[in-house]
């Protein structure tokens, strides 16, 4: 397996949204990016604010382009703010370096892409992404 | 009804993709935008090229932001190229003014959003979008 | 095979440059992008002008993101100039829609990425790219 | 000698990558820019994340355009954050002001260009660049 199929991306999104609902989270939005940083699928829950595509995208895009999940990006931003600010500039201003940008790997550890979740607290967003990825039989690096 | 629910957006996308497959089209990508021009849902078929999000988005975004479906934008681009060029600049360079950007209305004619489809010929893209919108019980202006 | 390894990208570049020298072409520059549109390797020949990275990149980037080689992009630009102009905007202004942006496929027809060549005439650029890709055991769609 | 030839740029890249492998570093990506800030050659190791071109470029680009290696840019960013932020704006948002952007000089101290390395810690990135530059018979200012 070297790519996330659309079928599997749908499963990730549904299971992420199910996790959020079951846990009483606010309405979530979820994107799945491929290993090149390009969108495969996105869904925004009813009631979520209109800018959620950009936030979900930014979380996942930074994760896959830098090979660092949101938690690691956030730590780097806290340790060395100008690095993340400048990496953001170099990558077109799209990054959202907080938890909820989660790397997706197959069983052999190969990077397949990333999932970005937004809508509740960053940690809850990341937990929902992890649940969705694992429900699809893949491995999550939060 | 004043908005496209996520459930209905999913139906539009599935039915659009089903139409494309049944008609032997190339792998399609489909976006649904709300009446504010913001993404509700997107899917890229396996085998579609990686830049299809941007093309699908541009078709739908121009349609909803200008209130003109892709066919009307194309006619305007042919009649008055500088208008579309400048509208594109004013709208952030996102437009893709060809068929496949289709307005979505409810039974009372109210604008609910737009669907953007890309992957086959522009006319086939538009036909698939129309099929998907109508299968969801809404009206399409191609 | 689902990706172009760095080793293979080097072979493509060397063979492309060799082809250009053997054919008496001007100094070429060559980029290899992966299937997500991200750079794997680039080389600019001595004597080439300084802006050749951007031109080589634009040729290959448009090819992989749209799934259309440079010759097809050029035909579309001639038939429907505003479509390519607007697709360019949607893809960040990077496109260079002329021959020399060549798709790379494996033996099963799967898209692995694209090669961009610039420095001589567009048709010669494309011929050099094709020679380099085939010398690496892959298939070229010019 | 006033320029880095492609042959020498290749040597720098190979020796940088060899140093990284021998030292057990993560997969590195390496760019060589000329004295005008324009790319001569780039290679991304297998397994590196897809956004590494932009990071390697930003490290080297800031170094050559400001005449300051990454370590000096980082110190300036820590001492006077708004200077680096504004220089970054003036230079198109491309800077990545941390170690790993290394100036390249000839034996007479003339600036020939810069090397940008990314993939491991910033200090390791800089050490690998230094090793590659020196292996090519040139002088490194880290």
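In order of appearance the chains are A, B, C and D, and numbering begins at 1 in each one.
By our rule, a residue touches a chain if its C-beta (ideal position, glycine included) is under 8 Å from a C-beta of that chain, and two chains touch if they have at least 3 such contacts.
Quick caveat: nothing in here was measured; it's all calculated off a predicted structure.
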The larger set of C-beta contacts, choosing between A-B and A-D, lies at A-D
If you average the CA atoms of chain A and of chain B, how many Å lie between those two points?
-> 25
At what distance in angstrom does the C-alpha mean of chain D lie from that of chain A?
-> 30
Chain C: positions in contact with at least two other chains = 3, 34-38
Touching pairs here come out as A-B, A-C, A-D, B-C, C-D
Footprint of chain A on chain D - complex, ascending = 48-51, 54-55, 57-58, 74, 77-78, 81, 84-85, 88, 93-98
Can you list the residues on chain C that touch chain B in the complex?
-> 35-37, 64-68, 80-83, 85-87, 89-91, 93, 111
Spell out the part of chain B that touches chain A in their complex, as residue ranges.
-> 3, 5-6, 9-10, 34, 36, 38-46, 50-51, 53
Provide the residue numbers of chain C that touch chain A in the complex, in ascending order.
-> 2-3, 34-38, 92
